[in-house]
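So, here's a batch of structures to check.
In the two complexes that follow, chain A is the common piece, with chain B as its partner first and chain C second.
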Partner chain A sequence: MAVEIPKDTWTGEVHAVTLGAIEADGGTRTKTVTVGGEKTLPFMHFEGETPNAPVVAVEIKDRRPDDWSPLLEEAWGSAMDDPAAWAKAAEEAGADLIQLSLSLTGSDGNPTTPQAAVDAVKAVLGATGLPLLVFGPGQADLDNELLVPVAEATKGERLVLGLCEDKNYRTIAATAMANDHLVIARTAMDVNLAKQLNILISDMGLPLERILMDPTTGALGYGIEYGYSVMERLRMAALQGDAMTQLPMIVTIGIETWKTKEGKVGDGVPEAWGDWKERAINWETLTAVTLIESAADIVVLRHPESVKRVKAAVTDLMTV
Partner chain B sequence: MALSGIQIYKLLPQTNCKDCGFPTCLAFAMKLAAKQVELSACPHVSEEAKAQLAESAAPPVRLITLKSNGHEIKVGNEVVLFRHEKTFYNKPGLFIRVRDDQPADAVKAAVAAVDAYTVGYVGMDLGLDGFAVESVSGDAATFAAAIGAVRTVSGRPLVLISKDAQVMAAGLGAVDGEQPLIYGADGDNWEAMADLAKQHKAPLAVIGSSLDELAELTEKIKGKGIEDMVLDPGGRDLSTSLVQATQIRRLSIKKNFRPLGYPIIAFPCDAGDPARESVLAAQAIAKYAGFVVLGDFSPEKVYPLLVLRENIYTDPQKPIQVQPGLYEINDPKPESPLLVTTNFSITYFSVANEVEATGIPTWLMVADAEGMSVLTAWAAGKFDAERIAKSVKTFNVEDKVSQKRIVLPGHVAVLSGELEEELPGWEVKVGPREAVDLPAFMKQVL
Partner chain C sequence: MAEHTVTFDIADEPVVVPTGTMLAEAARLAGIDIMQPCGGQGRCGRCAVQVTSGSARSRSAQRLSPEAIEQGFVLACQTVVEGDLTVVVPPQEKVERRLTTDRVAAEIAVPVGYDPHSAQTIRRFSLMLSPPDMADQTDDWSRLETALRQEADIPRLRVSLPLLQRVGAILREGEWQVTAVLDTETWDCERCLPRLVDLIPGRVPHTMPLWGAAIDIGTTTVSLWLVDLITGKVEAQVAEYNGQIARGEDVISRIIYAGKSDDNSREMRELVLGTINELFEKACKRVKASPAEVAKVTISGNSTMMHLLLGIPAENIRLSPFVTAVNQIPTLSAGEVGLDINPEATVDCLPGVASYVGADISAGVLSSGTDDTDAITLFIDVGTNGETVLGSREWLVTCACSAGPAFEGAGVRDGMRATVGAIEEVWVNANTFEPTYRVIGGKQPRGICGSGLISLLGELFLTGIIDKGGNFNVDLDTPRVREGEHGGEYVVAWGDGTEHGRDIAITRVDVDNLLRAKAAIYAGFTVLADSVGIPFETIEQMLVGGSFGKYINIEKAVDIGLLPDMPWDHFQFLGNTSIKGAYLALLDKRSRRRIRDIATRMTYIELSADNTFYDAFMSALFLPHTDLSRFPSVSEAMTTKG
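The block that comes next holds the complex of A and B.
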């Protein structure tokens, strides 16, 4: 019996966004990474093109973090003391992108200074040829204070600056525009909020080809279903032609996974949770692959073993 | 696919005789389309119309039930492609594979561990559903003995795996009176397998290497009077399995294509690598499988999968909530500390579990934040100083605690000033952002 397979016909497609710039284009990266460009729902190769595979960014910090899981400390070892060494180790672990998160304070307890932030970014750029994402510590004033000098000191690199949120996007979007960088627009698990922020940022003059959106997710067990469904809805809207949803999506799975008890803690947890390390890596890997299957283009991870597993899954999913 | 009122009307006698209690056949048809009356209320409807109406009323993905003594699992009956459109209803069954060439003691030990396994998640106890017993030996008696060994330690439903009808017959004989899933029928053995399915009133898994082949086989098997089937379209890698499962679900939901209107069985156990197995199983859970067969059991593998299954199958329209109120943890006294959080169930259980583990007697006030987490509720204006102060009054907190001090979640530290104004005479303290950091905070600060 010849079964006629129903194919969806989509009128829209996702913008292709290129991260990083090589020397000829004004940067210093040895390679660039392009995400997006989908013309169909995730991995429906029989009905439309998925020209760019989802990619993995590995999160590193500008100094050894105080509150990361011992499993992560064990995995990265002394590289955590030096962002350049850490970036190299991340690249060796298979990262497609490096995501540098700036800390709220230096190891002396004082707020991170703009100079320290610029130094850390430059050190990482010197240590790896991969495109770089730089996140502020997550407090509006300090984010702006650090990201502007970082953007200026790296003009032309096509870094990704995070995060633009509805209460704080102007400064970051403006400096991205002035210095040839990209931004991430983050909103709280809602299709309309995501669209609104994309409109606000693109109204400032930043082209859509330089915006990634982060619709926010919880980890497995902590709200993954909200991220999952909002990404499915955003991607469907994009394919149906809604211009303000046609952006590649990024989700920060590492931080979400490794703050859960399942990831962070080994002692005093129920026996039914099983082996700590394998459980934690499963937690991060399954959160990532599930969200990749719901439309994520970039997943930010923390553990090298999860990186390996997620990349293997992506290779499998991209096989036609 | 459900018929419209007009389509149903065309199948009715159109005599407006009113015997059904409605003034016209059209009025009756409308009620029928809205599922507010039963077709049997019309005594004059033809047999042919009955058959057509019954067919159209059948769900696009057939409901399949496996039964054993005291256990039952239902899968299928799904009506949407995406969970945000409505909800996914019948959670896929998670089965652990057992092989008949393993020593009986090993089988029993493995099965007992699975049978006893439960894990708590937001107030629920989650567990696995049953076992897939596979004939590797090819010997009927060995297969029956392995099934017998499983049954000495667990009564959970079974999938029986063999393509040899004689071996399968012996297996079915070992669990006579139950309704296991027979796996399975292919192009060569389907007639014999269909006979067994009929004899034992058990659902039959159908194996094809393409959707074309599968559809052809299910039609043939249906011709032998078998209605309850399950599909194995053959994909064992992430790309093929995702595409096949999506195509089958689309054909069922969008085209009401009956030959593939059955649940799917997935075999992540064939992945050959535990890491890949987990990823395949997670895909099967999110993307449309009815049965998922895992190779072996380990808590670190199944706990994440059980949680994923809960998450994907929650009703997207209403977040899972707990009742707002003042909760007592570890028998608090009036002087015990008071924490506040929201009534999103994941938030509540994360906090409550941590506090309980400290052993410190504590009052936990759960404010009505419309089922949202702390950050989301705060952003949406559902968890602010006013609401927290109101909860303190509604739950008569002042009558129960002697120490007027309240600990806010770190994510809403910005509310402290306002809350001090709303609650004169109270001290407001800021706790950690994440529940996991509560024990350290409570021991040091409270």
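The block that comes next holds the complex of A and C.
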């Protein structure tokens, strides 16, 4: 007897969001990347369409970071001294997107200036044709101070500006609106908070097709279950027709996994933990693949080997 | 275009205006200043006028009751002239009374048919004793008992040693004429002998008040009503912040503080006793009585307050599985409790249900009549703890959540209790962002009370000064919205118009506190209703208690998502229901028995048992709610505004 697989019918679907703009559309990218558009839970190909595969963004910085793992320094080498070279290397490593994180300070210890931020962004745009995500240093005032000139200097590129948070979203959303960019709405692992921030940003007039949401996650062993569950619930709400949850999700996995002890520490750990490099890459890869299963559309990674493995996994999962 | 004559009753002469002129504009031309605090948007209803003849067309009568519309009332800012009109402009205070959204707390009325002889446990008898002599050497006490037997058919009495020590002297001081005050029965000992509470030399006239008091010990506010037990009338009402606030704003931090040492526990007890004793002083002074004349006290309050008052360790209220030391407290005397009144006075602490549903809720159910109606009723007590009771005559379920003291004006920078000088309602003009407000007592403002904060929050939200998340829009073109110490703030009153000379403002931190308070309360009753499978549509009446003012603007409370979006006629505002229940129990032993029944009947639902409450809370932590479909009328108001 043939087994009939039961199918859920969903009334809602995720918005398709296109990152980057080619010349004809007012940008300079050689390709754009579209994420979202799912009509079913992740990889339930028998049940509904998943028109766009999850993609990998590689995180780079505007200067050599002071606190990154030696394993990452070994992987990227001297490219880390120049954002343009780093972006190129990332593209070669298989990145679908580049995520440029602006540093809090320059190498001289003074706060990063708007001009330096604009220069770094332009250098990266010049070095790669991939769509770009630009994150501020993570302090509300400085984020606004740097991201506004960046947005203005790159009008029409459909950059993704990060991060909008519930207490600081107006400036970034406004500049994204004025300069044809996208934003990321980040909230602290809670379905309602995520919805609320999406409402606030769309209330300002930014269409939902230009918002990605970052529900925040923890690395494997550091609260990933909680992040997984929140993402799963957000996606189910989206498929059930709740408009304010129908946004593609991005999670910054690199920064989370490379600060865990398992990823960071090579010496003085139990022998059973095995080879440091292999362990660290596994940690990042496993975290990423797990969250892709819980409906992440974009995963941001740091190690080139993780990029390779995660992309291979996605290819497998997308094969019907 | 056709022109029409509009005659205003209070104008010197009629004005002639073309068809389509707004009535408010016609009034202005006639030299009449009609108040439009909301900026002529039909939101506040303060510009209501009565069209007694002629033709006018209104695009909105949102604020007016059907009766008012029937009588020809229209909103001047929403009505255009389409023919000759005669218009009566009513005085402002009459307008305010006509508005459908305001719910004024019911007056305190002596229960119908109150008869101290049958209802009151405290009785007073004037006695004439025969003096002893060599032929009659009966002892003083028997002499008193004999007189009482003859006068009142009370054969025997109980008495405390301190009072017994004074009996002989009092009898002689009054030259064998005395007035005895007895407590004839208590709820926990209906067959006990009556107890002598007071013995006063001489004859106290029947018309003299016999004092009792009802007290509500709130986490934030302590209220006391001084009552004449003979007439049943409340003769003085006083309230003050609970002295324990200095040791923690919520019950949990108070329990922790009190639990640290015996000294702390004693301190907490003394702090609240200090507040109560001051209130006794104040109330008694007002009626020119002495606290020593108070013969009976009923006390309501949440379980933690009751434990801390009595010095009973409250630790287990806080710790799983959350049990109190005692829910039904035996009758006590004022001396042992530590009240500075007649030490023999009966102290009756009303019964609670559970750790977080205390006597305040049993009393509230009694005074609101939630236990005595066929209608499915939701009763909420908006206080530091938001307690909710759902049910009817047949069944009652209850739950509690911690809301914080914001709606009582505490924990808000310019917050204050609802007394003279408090801003109790605010309207904000949507175009100029200028506020109009009403102050209790009509003088210069000192701060904002709970009802003022509800109203202000609603206005800030509807005028776009704050967004749905409570963030101030500091880019607005008005000096009233500014960057404060902790983010944005809105200035309600400039320093040159306030009593203390400082600006009165609401800050980002205040807004967050208010949002958390309203979210907790809303989440509490939604989870409760869900837990018994009662959809909101089937709830027939919504009774609101709380000590945040003498009235509440239902519409604003719905706008901010504190109360559910139901037809306005479902709501009744009852004021402080806890003290009203204590008052009823003070007056009538049948009411006291009913409270005991209520306390045993209510089913308590523990909200901390799973995640449901947290989810509901986070979802309500938004204006009006993350799920806007729960608030259709607010969503409509927002569309109209846009």
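Here, the second predicted complex is superposed on the first by the 320 of 320 C-alpha atoms of A that agree within 3 Å, B and C clash if a C-alpha of one lies under 4 Å from a C-alpha of the other, contacts with A are read in each partner's own complex, and residues count from 1 in each chain.
Here is the rule we go by: a contact is a pair of C-beta atoms (placed from the backbone, for glycine too) under 8 Å apart; a residue touches a chain by one contact, two chains touch by 3 or more.
Since we're looking at a predicted model, the values are computed, not measured.
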So if we stack both complexes on chain A, do chain B and chain C clash, or do they fit?
fit
First, second, both or neither for A:170, with chain B first and chain C second
second
With the two structures laid over each other on chain A, which partner does A:196 touch: chain B (first), chain C (second), both, or neither?
second
Just checking: does A:225 make contact with chain B only, chain C only, both, or neither of them? Give me first, second, both or neither.
first
Could you look at A:285 and tell me whether it touches chain B, chain C, both or neither (first, second, both, neither)?
first
Could you tell me if A:261 is touching chain B, chain C, both of them or neither one (first, second, both, neither)?
first
Nearest Cα pair across chain B and chain C, whole Å:
6
Going by the contact definition given at the top, which residues of chain A touch chain B in one complex and chain C in the other?
none
Of all residues in chain C, which touch chain A in the complex?
467-469, 471, 473, 475, 487, 615, 618-619, 621-622, 626
Under the definition above, what is the set of chain A residues touching chain C in their complex?
166-167, 170, 190-193, 195-197, 199-200, 203, 244
Contacting residues of chain A [partner chain B, same complex]:
1-3, 5-6, 43-46, 67, 188-189, 218, 220-225, 228-229, 232-233, 236, 259-262, 264-265, 268, 270-276, 278-279, 282-283, 285-286, 289-290, 293-294, 309, 312-313, 316-320
Considering only the defined contacts, which chain B positions touch chain A in the complex?
82-84, 117-121, 211-212, 215-216, 219, 237-239, 242-243, 246-247, 250-251, 254-255, 257, 259-260, 275-276, 278-279, 282-283, 286-287, 298-305, 307-308, 311-312, 314, 316, 346, 350, 353-354, 357, 373, 375-376, 379, 434-437
